[in-house]
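Read from first to last, the chains carry the letters A, B, C, D and E; within each, the first residue is number 1.
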């Protein structure tokens, strides 16, 4: 047999192909992204550790003797709020809760979006048509108003119900994104190849197609986290946010709505606003670096 | 060498290097080439051999931040290498026309066909709008578009692949440039349309007496249309000569291997000839030795030149490296 | 007496805030007076008191929308206004005599029918007025008119000298001592221009331009321009019967509460009502002077002790309710450090109210009743003695040894109310009471109100506030039959005292005061309703304002501007 | 084209009806009703109950819904319980404020966003680019109300450049004076809204320009000898503006629903605030009507986007 | 009996338009074709872009649903999913794709790619599976260490061979090869073609070889069909088609192929011009009134042409 003797693999630099590894490797060359990741990591670390260390009573208990203390007074580094609680502690736990909510909503919407989007995009046809009409319809719903109605309706409103409510209006964008990505992946022959190899549909959808849009999913996830923290903030401003014993960046920034506090006690809301800014910027920078990483892999 | 008055382009020691990471690597190395009036010069070679890089260097479309070009590209005593943008813009479209491979991508999706062709005229002629439109209609007719008036107002997506390629050609020849560069103009097309387009190119050349650089990897296309052929391998020209010389007396092992691996070649064997190994990529093609040596390992190293140069074996027929002298196919040796 | 729930403003403190301007400079003629009004949403603009449902529309139309009767600073109706009132106890009538000089701003005189017409608007079902109350139905024939049984006439309201005459006689089924005071609710204190509105059907009245865009009044000023929901311009009413108005123009502008403290401190308006917490920042501003007055409102903490039986129109107490035990109620009362909260959160502008009749009512307020003083050990002793034992988790069980959770219904507020609630919560915890928010968090006002009125059973304790009308009778809020007795307490003693307050005997003021005092003491002892805070009504006025007073007797006709 | 538009509009009807069912029933699920927040001791609960009955609030939900929808088909959106006036006139008054403000803001958004996006894309990787991107993301991260409040305090109160409240001055007179006053009141909120709205445009345009400049047709244009400036303005920019055009419909609807914050800070009487007030006061007729209007505007915005796209992009055919 | 028989296969795609977005027309991607593939043979399918070649191939492997007609495998109609299951059709029929990169999942290692059909059809122990993959890699001439690499680490020719390894992993009877070498350079193309022939001999595989390159088909196939507008214009053996083309379309296609003999190019060109002129002139004779390709008529036992009246073999050329 005249076997072809070409055995040396072409020496294209071996790009690790799993979405995550690509990303890490690409990020290493992106100074902005490294800074962003470090910032996000620091914030996460501080808030998670802080969340464990800071006793719940410190966040709840009012001490009106100590209220509205300016930063530095009585050992409160960032001052105290109108209940006399330490802003720094409140901020740390608030950030943890906000991030928690942002992440949870992102997880839920992403999972929903992935399942629905992949199914619709993969099977196409009437299923896709129906799903897309539903998505369109949800897009038409005035989200903010619907959220407000639901917040009012649910009996025992807490962080979990907030997460579920925000999620129920946040999955459409992801679904659309995933669906269109899946549509374009479905055109690729590896899907046809898997079908002819006898692979069942669910395996193709989640085992073959999904890994190929993983960087997209990661990026969307990261950006969704940032976006959802913003939604929570807006709700708090309107008075439909979390109960006072569940601090969040939103409830803190909403202090800015109190006319007496916005200028006279800026330490009550400004640190939260700045933290939100830094957090959003970093998450976005990270998300964009992810997107760039994904793109650059596609180019090679 | 052709007579200088017939000569349109004289490329001397051209090196084009791309930045990969922090270093520059030659994708085109020490290419010497001339183009004359009234001729079609074909450049053939496998993917990655540097054909497009060479053509792009001539028309000056490389992004100079990532590309380093040295050597000379002489056009009418003007050296195009390092020419400033304003001057180059006067030459592009007017003196050098370019035809690209993918006719859909090459056309602006938002502009009407008439406008896209007219744009060339706008920057190189003093024609007014009416005259330009008139000329565009004329060009559309010239490239064999059945209903120029309608097509004039259409958008690229409304045309078939063959029509689009004709439009791209019309753009390239709008100012009757003496030099035309066609980079794989028919690769995306069906054979029947390919034949039409190639005929069209020939006709245009006969009318305008231009010189055409035709880039392709299809040997059949070369054999049917070219006057002279340059065979590229790994960034270098390995053989150059008239089309008869190349197809009837190919010398360089690479040229011979290529011809032999064509299915059409009526060889008795049921199997096609296969060249061992693969074309090296940019980073791995950088060597002073004969770059093809790795793919004909049965030829002893001594057969290759230390620093291969072009040898003129007969007037106008050049071959790189001396290995051609002792080259034989693997099976022939065994036979 | 009656009031409306409002989360802001009220008080009785001894602070030094002036109630009137002291500016003595010469008046500038034709000056513009800028009146700012804090409002979160645009005003609704129903300029007929019979039809409007909120104080806002009345507040921004106060420059023209003058009531019929003049009051003194104790809210007692006195002669000298647009009309005089004469009560006849034996005939059970009130005779209203219109000042013949009073003219509407279109020049037409105020006549008897204008007064009658106001009653018709209220009582006609088509106009959908929300002012058709039980108290008004004390007028003979009003119910029949409402039910369409007496045609176009209200038999108890007559005009002896004709529709266009100046006298109206109102016949009551029963006379009440509160009738001497403004705001008593037994008769209406406004008139509507019959000649102007008669062409508008009752059901179209509320949306008609004549009520919304071009209303006419007989007060010192009249509307000259209006931007719906945002601003109104008032100019002097040349037909005004009283002293000539001093200002050339009054502009009323709605301003978002977000901006109010800044606007006030900058003196952007000549008059801007401000919240108690803004006082500290504004008091030193050179641009404005802050006037203040004890308000007629107070906040309270109370309990869910039963239910309202709508069929029988009466409240029913339920012994099984958690707070049926007085000791538990008192423990809650002693655990709230209201005095400190007032001092810390509303310095100079808020204080602890001691009884359910705010000090602003002067002699009707019983000074001898002392507010529940913060005393945790007393509270604990009360609980211990009553058999609420502390468990190992620090929380007390009920008297049967079962776990006890107190559900507190409260409304969403601002960061100050959060602080206050939390302060109380901690105190409750200290005395071993496990208090949680009903439904998990403070609820919005509609939900709160819905729970209170619908007989919901999912709360044990709630707080709120009443803004009283100028007649202090507590019957509307605390009597057995009062639908607003959300506490649902009914005791013989309470009923007796309230009846006495509104009895014929109480036409004797000293008797009435005595009954008031007894009731206040009784309520203090029983602790059904625990009064908490009261804050002052504050206004930032510019230094140029002259003759402005927050006293009930003040008139806008007197207000002037100087250099 | 007209047929497609008509068809799209017809498709909207069932969507809007479904929307109305959902909103109506959800709204009814909220505890309380229009009167529960209004009850004061100056009123009599019995009278309130009879008013409730009179207004049909005691009827079964379906009856209420069909009555409402029946009236809707007669062009009657019902009466606002809170405002005691026909919803249609209430919304007309507020909507005109919001729509003008939004329109003004949209124009400003594009006037600000497009040049910034172009600069960032064209000078990709430079400091200018990083600066513009930083701006875009910062604006995205700052909660809008904080942004509005601070700007109001600075420009309205400290510098006194702009009016701080309302949509028009009381003393604005005459046609021109009135319009000028309206505009003057809109300037600050519109600029602020525009600054917040530019994010999407900047980011889209930037990446559009970067992507388009490596397209083949740009290479063709270069090969024609077209000057770089023209290549940029005529070829790259036009193609990069496509997604922005698609964005336009969304921008408008986004602004209208996002107007809530600007309206409450500036006491600007508009639809956003009206909608939230309607929620809190259980003003069903207003609430459902507004939701329908928002839904309709969103659908209209989508349709508008598609029409714009089909006009600017010949590849998208609307037959 | 042939391995697979295609009987009057039609695949129509609906076109929606109009006010209600109803189906108003159909694309007749494949419109009534018949052919048989014998065991161990390579059947060529030639045609221009859009003529329906890929659609046919996809229908055979089951990636497209047939609108009507039958595909008989071992005598049973495999357009019915039930029969496909019963016959283990999906295991016996595999596909090689044109775009080697897109047909290999970029996120999977070569081993997992090649093992995919094995995992689905024969449940081997991990060690056996690895062994099998190794064998397959060996068959296609790839080193064993390729197993743990990813598709993008290989050249086009190597990737195509990986695709072939996957296709042969279940010992299929038929492989549909849709333009397997169109994207490849000459020398790589040669490798792949050689290779396909080799495994054909070894495992007695049949190919449906789809291509627009007449030279390649000539090299690979004994029997072939020329396709245009969803229908066959000419069916026959290599000699029938290349030596005695009857249909004007076939003639035109053949004449358009560039030859590598520069010496005869003037002749080739004029010949092409002549055929082209003839095509323009006479094409109405060769097509139905609506431009539809006529039904095939047999002109010799092996040769059928879509013409009105059969012409005696060799009559026209």
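Everything below uses one rule, namely that a contact is a pair of C-beta atoms (placed from the backbone, for glycine too) under 8 Å apart; a residue touches a chain by one contact, two chains touch by 3 or more.
Just so it is clear, the structure is predicted and the values come from calculations on it, not from any experiment.
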| item | value |
| --- | --- |
| Joint neighbours of chain C and chain A, given as chain labels | D |
| Most widely separated chain from chain B, with each centre as the mean of CA atoms | C |
| Mean-CA-position distance for chain D and chain B (Å) | 55 |
| Chain centre separation (chain A, chain B; CA means) in Å | 51 |
| Cα-centroid distance, chain B relative to chain C, in whole angstrom | 93 |
| Averaged-CA centre spacing for the pair chain D and chain A, given as whole angstrom | 25 |
| Touching two or more other chains - residue numbers and ranges from chain B | 271, 274, 278 |
| Residues of chain D engaged with two or more neighbouring chains | 30-31, 149, 153 |
| Shared-contact residues (touching 2 or more other chains) in chain E | 155, 157, 191, 194 |
| Residue ranges of chain E in contact with chain B within the complex | 48-49, 155, 157, 185-191, 193-194, 197, 212, 214-216, 218-220, 252-253, 255-263, 265, 268-269, 272 |
| In the complex with chain A, residue positions of chain D that touch it | 15, 18-19, 22-23, 26-27, 29-31, 134, 137-138, 140-146, 149-150, 153, 257, 260-261, 275-276, 279, 287, 290-291, 294-295, 298-299 |
| Contact footprint of chain D on chain A as seen in their complex | 136-137, 139-146, 148-150, 152-153, 226, 230, 233-234, 237-238, 253, 256-257, 262-263, 269, 273, 276-277, 279-281, 284-285 |
| Contact footprint of chain D on chain C as seen in their complex | 2-5, 39-42, 44, 46, 51, 53-54, 125, 128, 130-135, 185, 206-207, 212, 225, 227-233, 251, 253-256, 258-259, 262-263, 266, 268, 310, 444-447, 449-451, 453, 466, 469, 476-477, 483-484 |
| Residue numbers on chain D that touch chain C, as the complex places them | 30-33, 35-48, 50-51, 54-55, 79, 82-86, 89, 93, 149, 152-153, 156-157, 164-168, 170-171, 264-267, 269, 273-274, 277, 280-282 |
